[in-house]
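This structure is in structure tokens; I'll ask about it shortly.
Note that the chains are named A, B, C and D in the order they appear, and that numbering of residues resets to 1 at the start of each chain.
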Amino acid sequence: MITLNHYLIVSSALFALGLAGIIVRRNILVIYMCLEMMLSAANLALVAFSRFRVTDGLPDYSAQALVFFTITVAAAEVAVGLAIIVALYRSKQSVDVESVTKMQG
Amino acid sequence: MSIFSSEVFLAVLGIALVLVSVFFPKIPTRTLAWIGIAGVLASLACLLGASAAETSLPAFVAPYYSLDSHSLFYKGFALVITALVLWLITESEKTLVNYSLDGQIGELVGLPLIVCTGMMWIASARDLITVFTALELVTVSFYVLVAYTRKSALSLEAGVKYLILGAAATGVLVYGIAWIYGATGSLTFEGISASLRDPSTGKGTLLFGIVLLLAGLGFKVAAAPFHMWVPDVYQGAPAPVTAFLSVGSKASGFIILTRLVDSLVISSTLVSVEVINLLLISAAITMILGSLPAIFQTSVKRLLAYSSISHAGFLLLALACRGSTRFDLAAGDVVAFYLGTYLPMTVLAFFVLCVARRHGRGDSLEDLRGLARSSPLLALLMTVAMASLAGLPLTVGFLGKMMVLMAGVDRGYWGVVGCAVLSAAAGFYYYFRVILTLYSGDNSQTSEPIQLSLLSRVIAILLAAAVIITGIYPRPLQRAISGAPAAALTTQR
Amino acid sequence: MSPLEIVIFLPIAAALAIWLGAPARPTSLFAALVNLVIIAGIAFRFDGSSLGVGEFAHVSSRIVLDNPAISFAVGIDGMSLILALLTAIVTLAAVWQIVADKSAPFHIASLLISAGAMGAFLSTDLFFIYAFHELALIPTFLMIALHGHGDPANRRAVAWKTTIYLGVGSLVLLAGLAALVLNFSEGPVISFDLTSLLQQTSSVPAATQEWIYFTLLIGFGTLVSLFPFHSWAAPAYATAPTSVAMLHAGVLKKFGLYGLLRIAQPLLPLGAQAEWVQNALLIMLLGNILVMGLVTLHQSRLDDMLANSSVMHMGYIFLGLAAGTELALKGAVMLMFAHGASIALSFALCGRMRNQVGTLEFSKLGGLATNAPLLTVLFGFAAFASIGLPGLANFAGEIMIFAGTFDPKLLSPEKLSSLQWTTILALWGVVISAVYMLRAYRKLFFGTANSGHYLRDPGFSQRVPLVLLAAVLLVVGCCPSVLLGLIQSAWAAAKVASL
Amino acid sequence: MPAVFFYLFAAVTLLFGVMVIVSKNPVTSALSLAVSFVGLAALFLGLDAYFIGTVQVLVYAGAVMVLFLFIIMLLDIKAETGKTPNYAAVFAAIVVGVLLVLQVATIVSTFEKGKLTTLEVPLRPKEALAAMGKNALPGIQRDLEAGILPDTKLMGLQLYHHYGFHLQIIGLLLLVSTVGVVVLSKRENRTEGGAK
């Protein structure tokens, strides 16, 4: 029997993977992918919670609305983010995090 | 015009300004900026004329929209800072054009209006979905604004850093919302608050969500340990945008935090101790990590960034003191009061930086040396701003700090109050260092006199006067926060 | 509008006018003169006997914040009147003796410091008492750092030290005041109003009173250079421009003592009487008198010596505070006035000598009396006043303090209390100050003249401030009743009198 | 959803998630992420969230990942070579990740004591119909009567009936991001004042 717990563990594992990726990877594009993974993990948790909180015989759709908005926002963020990363690449010919460490102090 | 329609109007105006700047590149940016300022001021007038009991909300926003004294104050706050940021943009137009790609900075005038709309919606939000969408509207706009002057490598770097960390914060924020939803079954502040009184609500689940949500919001308000991005982004972003981030973005984060803390702490004791402890720990770390590195900064922008962090610490302490009846009655709300004091002094400091930049001075401390000879007025304005940021009495900064410290003492948070005192003491050093630099420098140095237009002189002097007059006579600010008649709002700037 | 408000804001307005381009010297002289006239007028017509507990004359109050209830309230009683008088006199002397080329910054700084002191002495709201004192912080900092004496790196270091000390002291003070206000207010409204606080029958438990008092003692004490927190004062005064040194050492430093007398002593009587607080205070003030006395003895420059002696003399005033008897407290107020005038005169003379002679090293100077009889006499006044010679103002204050500590109420037939032992030790301080003052006087003005260093009497105009201060010392010294009549009222009201 | 499918898709999601992190070639990372997202979409379907699952495939796996791939190809970003991984970071990442999962595991182990039901609750369309009453639109009514979950219709109802305001905000957000992309990715124009 698959319970809510199963989904939440998967979601947390996905979130942890995203977090770990941000810490480990140096390629900004890959880091950005990991961020998307974190958002998806949150979506999974939201959908799971909404499915297991059945009110009046139906899942709670307000949480699913939030998931929809999250996906949209993520798409918009990706668009802007990739534009910034492309601009960075054009000026530095690199997408390594070390190319953005000019400011220190 | 109702408040909501004035917000829609601002968003439309913002889009219109972007379009106009694209299709009519001949129209000078300055003109567009002043049109934007006029629009913001019109909205402000509309806000002042409206009352909190306004009922003419469209049905599709009404359930997600509150118009209490808090939201009115933060809406006014967003409008004022937007108008001032647009003014800063006109002041530093020359610099911005130099660093933009094709000498067009129309978007820089339009986007702040949309950000302002987002901030005003955040101020009214009653549920986490509105919070999330409006906050993302603000954040995504800021990604663009921070990286806008991308001919400057620093601005681009700042943009990338803000982007990566901001997106990470968004992820954490949504995950936190998910867990809070899981624990309480509700996405509205009222629903969360109500479910806390339900004995079957799982405390562990809720706390996990709260920690994540606080982490995500902590990023927006530059609270430790999520403050790492602040110095770099503040330094790299164009100065007007930095001012906007430092004041506007912070205020938005804090209105959300205020509502969250209210719904978690005040009505129930289920998680109140834990939430307050989290806030206090973060406040203590933020104050220390904000003020100690500030001592070693050589760039004024970075210094202001660290100062912004340490001010966030004070705000967090104020937040942890919410529910202290004496002081919530007192300042309307200490958090809002502190933000109200933070606005004029920060904008004043950034104004001086913008003008100095325009006249070929950079933003390092050495570049400000001898500013008093180039322009006694600018030096005096900066002195006022620094004195107020340091929290010297008879300036508005002191009142904010005093309120926070007294609220902390009243609640008996001695450890954090001790950190606050330490942080304020360190502040004496680094703010005074700026003041000293302004007035020192030998006579041999060439210093071209800096001319200011009459209008900017008037606005800047008004800001400085607001810093001092509100420091002596804070009653109007207090009235504005506690939702007194709109007439009292007029004096709040 | 109360005349007191005019007195507070006139210097600020004058400073602003000078910044905007008004002629510096006439404007500031005008402001200082008007202030002196107003304060003197108030003093002549002052009738303290009609004031009850915590009551003030010439009151005016404007609410600036509803809760915490803060109002811009001014008022005057005997003690604040005396200090306001001192402020007005020293301000006039200080701005009068400014002779620098580009004198505007000096005038602005002096006026702002003066306004801060006036505001602190005349406000009757804790918030503004505190706030006005801080007004002087930036001008003092900038003047020492930019226009002080000595090489730039050194004066900058001194400015930082001073500012950090004063800033941190103020923060401790703020913590103490906040705790006091919070503990005194019950219910939702928190009041900063001194009048209502004074009239309130306090129910704050003794333990709380003790630690609040101690916090205030440390906070105010740092501003007055109480012993372990004194090390900022001497270099600051030695380095600061003359007018700033006169105003800071003469007037502004008295703020800490004033605060203790005005706020801590009457509001926290149980704290003041607590054994451990008393003993701590006695040890600290002995540090001021004896340790600093010995340090002063070893100074080789006039400005260092004067600066250190100023720190030393604070010990006597603290002694009066520690005794807490009516006589001793009156003596303390008296000595505050006297010390203010005498140290201002000393620094004014010291500034003249530095300008004309170029050095203040004792070893390089001598025989200055030959060409400057007037300055010799005036320096004699200052030196003898500082020692506490009868006939000059300081004597009256010191003798009242010493006598006050042997008040019959405090004496036990069996043995002397720690307070009285302290007094006996403190009396040796008088000997120490006599030694260093007389030695300096002899070395500088008599003895063998050193070629190349001459001192001349100033012209008529520049004599005015010096003579003014000397005259004040003499008049008050000969008939202390001029001031004592005013002080009378201040202590009729105080709860400490019932000790 | 039968348990075997859950485990299958959860494994797909997580394994390809790991691939995203460990592969040195960004193209592999992007493709792995796309597969991972498809697995996630399947999990959504298992949760009866058909609309969200579809959107996940369309937007994430379809649009977003293609955008990523496009940018990687456009910039011609090569695989990282020769760099030794930062072992401290790897260690920290593993610790953080494991701690997070453990934390969640601890929390979910307490669920039964609280009000959260962890066992799957069957959906009861009939009951829902009764609860919705006249608010239900005809299409929804028909589906519920037939005992089907009208997921997409219910989402539509939710988005346009309850969350219209937020939809507008999102619309504005998309507009802002469009403007932002144009601003940030235009090439430097050397002639002053030229149009975009």
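The working rule: a residue touches a chain if its C-beta (ideal position, glycine included) is under 8 Å from a C-beta of that chain, and two chains touch if they have at least 3 such contacts.
Predicted model only: the values in this text are computed from it and were never measured.
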#### Entry: Most centrally placed chain - per-chain CA mean versus overall CA mean
B
### Task
Express in whole angstrom the distance between the two chain centres, defined as the mean CA positions of subunit B and subunit D.
31
### Summary
Expressed in whole Å, how far the mean CA point of subunit C lies from that of subunit D is 71
### Task
Starting from the mean Cα coordinates of subunit B and subunit C, work out the distance between those two points in Å.
42
### Query
Distance-wise, how many Å sit between the C-alpha centres of subunit A and subunit B, to the nearest whole number?
26
## Note on the structure
Each of the following residues of subunit A touches two or more other chains, namely 8, 11, 15, 18, 32, 43, 50, 53, 62, 65, 69, 73, 76-77, 80, 84-85, 87
### Query
Can you list the residues of subunit C that touch 2 or more other chains?
none
### Query
Residues of subunit B touching 2+ other chains?
129, 133, 136, 140, 143-144, 147, 150, 159, 182
### Query
Every touching chain pair, please?
A-B, A-D, B-C, B-D
### Query
Which subunit D residues qualify as touching subunit B in the complex?
103-104, 106-107, 110-111, 113-116, 162-166, 169-170, 172-173, 175-177, 179-180, 183-184, 186-189, 191-196
### Task
Sort out for me which residues of subunit D touch subunit A in the complex.
1, 3, 6, 10, 13-14, 17-18, 20-21, 26, 29-30, 33, 36-37, 40, 43-44, 46-49, 51-52, 55-56, 59-60, 63-64, 67-68, 71-72, 74-75, 77, 80, 83, 85-86, 89-90, 92-94, 96-98, 100-101, 103-105, 108-109, 111, 116-121, 123-128, 130-132, 149, 154-155, 157-159, 162-163, 166, 170, 173-174, 176-178, 180-181, 184-185
### Message
For a test of understanding, state which residues of subunit B touch subunit A in their complex under the given definition.
### Response
128-129, 132-133, 136, 140, 143-144, 147, 150, 153-154, 156-161, 163-164, 167-168, 170-172, 174-175, 177-179, 181-182, 185, 187, 231-232, 235-236, 296-299, 302
### Summary
subunit D partner, complex, touching residues on subunit B are 11, 15, 18, 22, 25-26, 60-61, 63-65, 101-104, 107, 110-111, 114, 117-118, 121, 129-130, 133-134, 136-137, 140-141, 143-144, 147-148, 150-151, 159, 182-183, 198, 200-202, 204-205, 208
### Task
Over in the complex, which subunit A residues touch subunit D? Could you list them?
1-21, 23-27, 29-30, 32-34, 36-37, 40, 43-44, 47-48, 50-54, 56-59, 61-62, 64-65, 67-69, 71-80, 82-87, 89, 95
